[in-house]
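Following this line, the structures themselves.
The two complexes that follow have chain A in common; it is paired with chain B in the first and with chain C in the second.
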Partner chain A sequence: MRTKIGYAAILAVLIATTIALARPSGGTVDGKVTYEGTPAKQKPIDMSKEPSCAKQYATPPTTETVVTGPNNALANVVVYVSAGAPDEAAPSQAVVFDQKGCRYIPHVLAFQVNQELKVTNEDQTSHNIHPLPKINREWNKSQPPGTPPIVDKYDKMEFIPVKCNVHPWMHGTFAVLKNSHYSVSGDDGSFKLPNLPPGKYTITAWHESYGEQTQEVTISGSETKSVNFVFKAKPY
Partner chain B sequence: MGKLFAVILVIIALASAYPIATHVFVLPEDISTHGHAIDDQLSDTMAEAGFSFLGAQLVLAFFVWKFAERKAGAKLSNIPGGAKLMVAIAFIIVGAEVFALGVLGQKAWANVYFTPPRADALQIQAQAGQFAFYFRYPGADGKFGAIHPDKIDEGNQNYFGLDPANDVESRDDIVTGELAIPVDREIHLLMHAKDVGHSFYVRELRIQQDFVPGLDLSVHFTATKIGKYEIVCTQLCGLGHYNMKAYLNVMSQDDFEKWLKQKASEQ
Partner chain C sequence: MKPANKTLLSFALLTSLAFPITALAQQGESHIGKLTGHSDAGKQLFYRYCWGCHGFRGDGNGENWLPTGSFLEPYLNIQPRNFAAATFKCRSTPTGTLPTDQDLYNAIERGFVMSNMPSWITLTAQNRADLVAFIKTFSPRWKNEKSGEPINVPPEPKLTAESIKHGAELFQKLECWKCHGQEGRGDGPSASTLTDSNDQPIRPYNFAVGARFKCGTSNQDLYKIFMTGVDGTPMPSFADVIKPDEAWDLVHFLRTLQVAHKSPELALWQSTPEGAQQIAARKAQGTPTGSGFKQ
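Entry: the complex of A and B
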C-alpha cells in the first residue's frame, strides 16, 4: 500500500514538472528565411575516388553551400539571439556530427559554448575532421572506420567551417552559440525561438554563403512575434 | 663449412634469379603507345643487372670454395696489377654499363618527355592537392578559364579557383574527379600542384610524373585499350597520401562525348 502511494506521489511530481516545462515560459519569435534572386547552382559531388561512399547514392548528392526549398525557402540558416539574452551554461546532452556517405550530417550543426560535441564516423573509410576556428583552439584528427566518436567542446562563440582533409568535397559548419535561443532553418525556411522572457532582443540570421542579417524585436508577455529574413542570392 | 657457404651462395643467387628470368612477376598489361619502349628498357636493365648480379655471386662463390680450406700461414697473392688496376677496371665496367643503359634508355625517355604532343592532342588539366586529383576540360570554347588560388572553394566544388562571375571562359570549364579520355587519341595532360609535391602514376600507362608546386609540367600519351585504371599518388604528400587516388577511364570516342556532355550539364 505504501509503495503504491509512493509511486502515485512520484507520478504526480513528474506530471506536474512536465506541465510546468511544457507551458511556454515566455514569448516566441518565429518566421521564415527566404532568398530573392538566383542562387548558385549546386553541383553533383564526384565521389569516384571513394567508391565505398559513391555506391551509397543512386544519383550523386549535390553540394550544400546553398540549400533551398519550395517558395524560395532558404535552409541551413542559423537564427539566434545575438543580444538581449544572458549567456547560458551548456546543456548536459551532447550534440552529434555524423559522417555518412562522405558527407557531414547535419551540414550545419548549432550548439552551445562548452556543450559536448561528438563526431562519429559511419563510413567504411577513414575521415580526417579538421574544423578551422579563428578564435577557438584548432585541431585536426583522423578517424578510421569503427573507431569511437571524437569528443570535444568549444569555449568561445564562433562559426567554424569544418572540412575533411581526406575528402575535399566534405564541408560543414559548427555554429557555437552563447545561449539556447537558436534554431537552424529547415527546408521550408522556417525557424522558431521559443521561451523568450519579455525583453528587447537582437535576432541574427547567419548563412554560410550569404553572410548575416540582424533584426530587433521586443517581446512582452507570452506573445509570438514573426520575423522574416530575406537574403540576396547570386548565381555565381 | 666454407664450402657449404659457397654452395649456399650459389643456391641463393640462382633462386633469386629464377623468378626474374622466368617472368614470375609480370607487369600489368601496357595500354599506351609508348609503353613497349619502357618495357623493353626495363627488361634490358633487368637482364644487365641480373647477369652482373649472377656473375658477381658466382665469382664470389668460386673464390669462397677455392680458398675455404686454406692452411693457416699460407702465402697470400694479389691480382696482377694490384688494387689500383682492379678499381680502374671496375670503374670502366660499371661506367660502360651505366653508359649503355643511358644511351639505350634515353630513346624511351625522350619519346615521352622530349617530343611535343601533336597539335590536335586533347588538352586536359590535372591538379593534385591533398588528397585528391581533379581534372579540368576546357568546355565548348576550347579555352581554360584563368585560375585564381584565392577563389578556391572546395565546399562549392571550385577546386581550381575559377571565377565564373567575371571570367566568361571559365563558365563552361568541366571539372571532374575522374580522368575520362577517348581511346586512341593523344592526351596532353597539363599538371600543377595545389599545395605540396605529388605524383601522377598509372601503371598500365607506364607513366609516372611528379607534380611540383610552382611548376607547370606536362606529359602526353595515347591510351590504346578501353577500361578503368587506377591513378595513384606516388610521392608521400601527407597524412592522407595512402588514400590519394583517382580513376583513369578510357572510353570509346562516342562514350567519351556522351560523358563530357553529361558532365557539362552538371557544372
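Entry: the complex of A and C
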C-alpha cells in the first residue's frame, strides 16, 4: 500500500514537471502585416534566355518585389526584435538558400550573425551567387549544377540584396539578424515571435519595397501581445 | 632629488613619450618586396594626383566622375574605385578577401585598361608604395582583417592541343559563354543585362579584340582572374569548381579566343585543322579604315 502511494507520488511529480517544462517560457508577440492602397503589379518574368528554367513553368512566374495574400496580407516581411533583447550566439543549424527554376527559395531568408548559410543549386544551369552587402564583405562565386553547396556566413547585421548576374531577374535578400527573435510573414501576412522574457521591446517590420516600421511592446509575463503593421502600398 | 625637480622630470618624460606614440598610431604602412610605404607621404600624393577621380573621401565620388550641379551625367565610363568599401577587382587573394599590398601596388603601376585609370609609372616605386599605405586608411576593414591568403598558382604545364580542347569543353560546361559569348566577344545572352555592384552597366571582356586584361597581361594573370573573381563586377570566382590543372587548360583555350593577339596558344591552335577553321571564321576582315569590315 505504501509503495503504491510512493509510486503514484513519483508519477505525479514527474507529470507536473513535464507540464511545467513543456509550456513555453516568456511571452509572445504576434500579429499580421497588411498593406493599404494599390501595390505595383508584378510582371511575368521572361526566362526565354534560359530554356532549362523556362520549361519548368506552365505559366511564367512573376516578380516578387511585392507578394500579397488574401485580405491585403503582405508576405516576405521580416519582423524582428531590434531593441530590448541581447545579442545571441548563432545556432549550429545551417540555413539553406536554394536556386530552383531560376528563382531563389525562399525570396527572403532570415538568419543570425555567424550562422552557417548553405546555398544550393537544383537547376540544370550554372548560377553565380552574388550577395551585395555594404557592411559585410562582398564575394561572388560560380555554382555549376551538381557542385556542392556554397557555405559562408556573415559577421555583422545587415539586410543584403542577392542577385545572379547570369539571370538578371533573380533577386533575393539575406536578413542577417543579431538575435533569434525574428519571423518572416507568409502569404497570410502573419508572424509570431515567441519566447520573449519580460521586458520592453522594439519590434521592427522590414519590407524590401515599402521600408521599415517600428512599434514598442512590453511583455510582463507569458501573455501574448498582438501587434499589427500596415504598410502604404505604392502603385509603381 | 628635490620634489619639485621630480615632478618636473616626470612631467617632461610623460610629455616626450606622448608625441612619438600618436605619430606612430596615425602612420599606416605598406610592404611591397623591399619597399616600405608610409601613409603620411601617400596622403600628400593622393590629394595631388588621385582625389579628382577617387574623391576627397576615397569613395569613388570625385569631381571627375560626377560633376556637381543640376545634371548628373558621369564624365567617366567606369566609376572610380571606392576605397572605403575595400572591394577590389584585381587580387591574388580569394573572392571577398582583402588584396595584398603587392596587388594594390600592381594596380597603380599597371593602370586599368579600357578605363580612365592610367598606368602610374610616372610616379616612383616609393611613391606608389606610399599611396598603397594611404589607400588602406580609407576603410576600417584593413584594421580588423588581414589580407587574404594569395592563391597558389601552380607552374604552367606544357601547352598541347589536348589542353586547348579540354579548355574548350570547360568553357562550355562552366557556361562562360552565357556572358562572354561562344566566340568570347562579350556578346553572350546575358551580356546586355549585366550591371556591376554600383548598378552601373558593364560589359564582359571581349577576347576577340583584346590583348590586355583588366588585371594584367600574362597567363598567370589570366589564371588568377577566374580563380579569384573580379570583385565588384559580375565576374565570379571559379576557385571552388575548377581543379588547378583544369584551370590551365582553360587559360590555354582562352588565349585562342584572342584572335587579334599573337600567342603560342593561338599559333598551336592555328596549326591544327579544326583550330585553323575556327580562327579564320573569327578573324575580322576588311581594311583598317573600316570599309567592308566583316567580323
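Keep in mind that, in the parts below, the second predicted complex is superposed on the first by the 214 of 236 C-alpha atoms of A that agree within 3 Å, B and C clash if a C-alpha of one lies under 4 Å from a C-alpha of the other, contacts with A are read in each partner's own complex, and residues count from 1 in each chain.
Please note the rule applied: a contact is a pair of C-beta atoms (placed from the backbone, for glycine too) under 8 Å apart; a residue touches a chain by one contact, two chains touch by 3 or more.
Remember, it's a predicted structure, so these values are computed and weren't measured experimentally.
Asks: Looking at the overlay on chain A, is there a clash between chain B and chain C, or do the two fit?
Replies: clash
Asks: Touching A:K49, do we find chain B (first), chain C (second), both, or neither?
Replies: both
Asks: Would you sort A:H171 into first (chain B), second (chain C), both or neither based on which partner it touches?
Replies: first
Asks: Should A:T125 be classified as contacting the first partner (chain B), the second (chain C), both, or neither?
Replies: both
Asks: For A:A40, select first, second, both or neither according to whether it touches chain B, chain C, the two together, or no partner.
Replies: After superposition on chain A, A:A40 lies in contact with chain B alone.
Asks: With both complexes superposed on chain A, which partner does A:T147 reach: first (chain B), second (chain C), both or neither?
Replies: second
Asks: Quick one: classify A:K225 as touching chain B (first), chain C (second), both or neither.
Replies: neither
Asks: Go through the superposed model and pick first if A:K156 touches only chain B, second if only chain C, both, or neither.
Replies: neither
Asks: Quick one: classify A:W139 as touching chain B (first), chain C (second), both or neither.
Replies: So A:W139 only meets chain C here.
Asks: Where does chain C run into chain B after the fit on chain A, at 200-208, 254-262 or 272-280?
Replies: 200-208
Asks: Name the residues of chain A shared by its contacts with chain B and its contacts with chain C.
Replies: On chain A, the overlap between the chain B and chain C contacts is residues 49, 125-126, 128, 142, 165-168.
Asks: State the interface residues of chain C toward chain A in the complex, per the touch definition above.
Replies: 85-87, 95-97, 141, 173-175, 178-179, 189-190, 193-195, 197, 229, 231-241
Asks: Where on chain B is chain A touching in the complex?
Replies: Residue positions touching the partner: 129-134, 153-157, 159, 164-165, 176-178, 238-240, 243, 245-247, 266-267.
Asks: Chain B touches which residues of chain A in the complex?
Replies: 40, 43-50, 63-65, 125-126, 128, 142, 161, 163, 165-169, 171, 209, 234, 236
Asks: Could you pull out which chain A residues touch chain C in their complex?
Replies: Where chain A meets chain C, its residues are 49, 125-126, 128-130, 132, 134, 137-144, 147-148, 150, 165-168.
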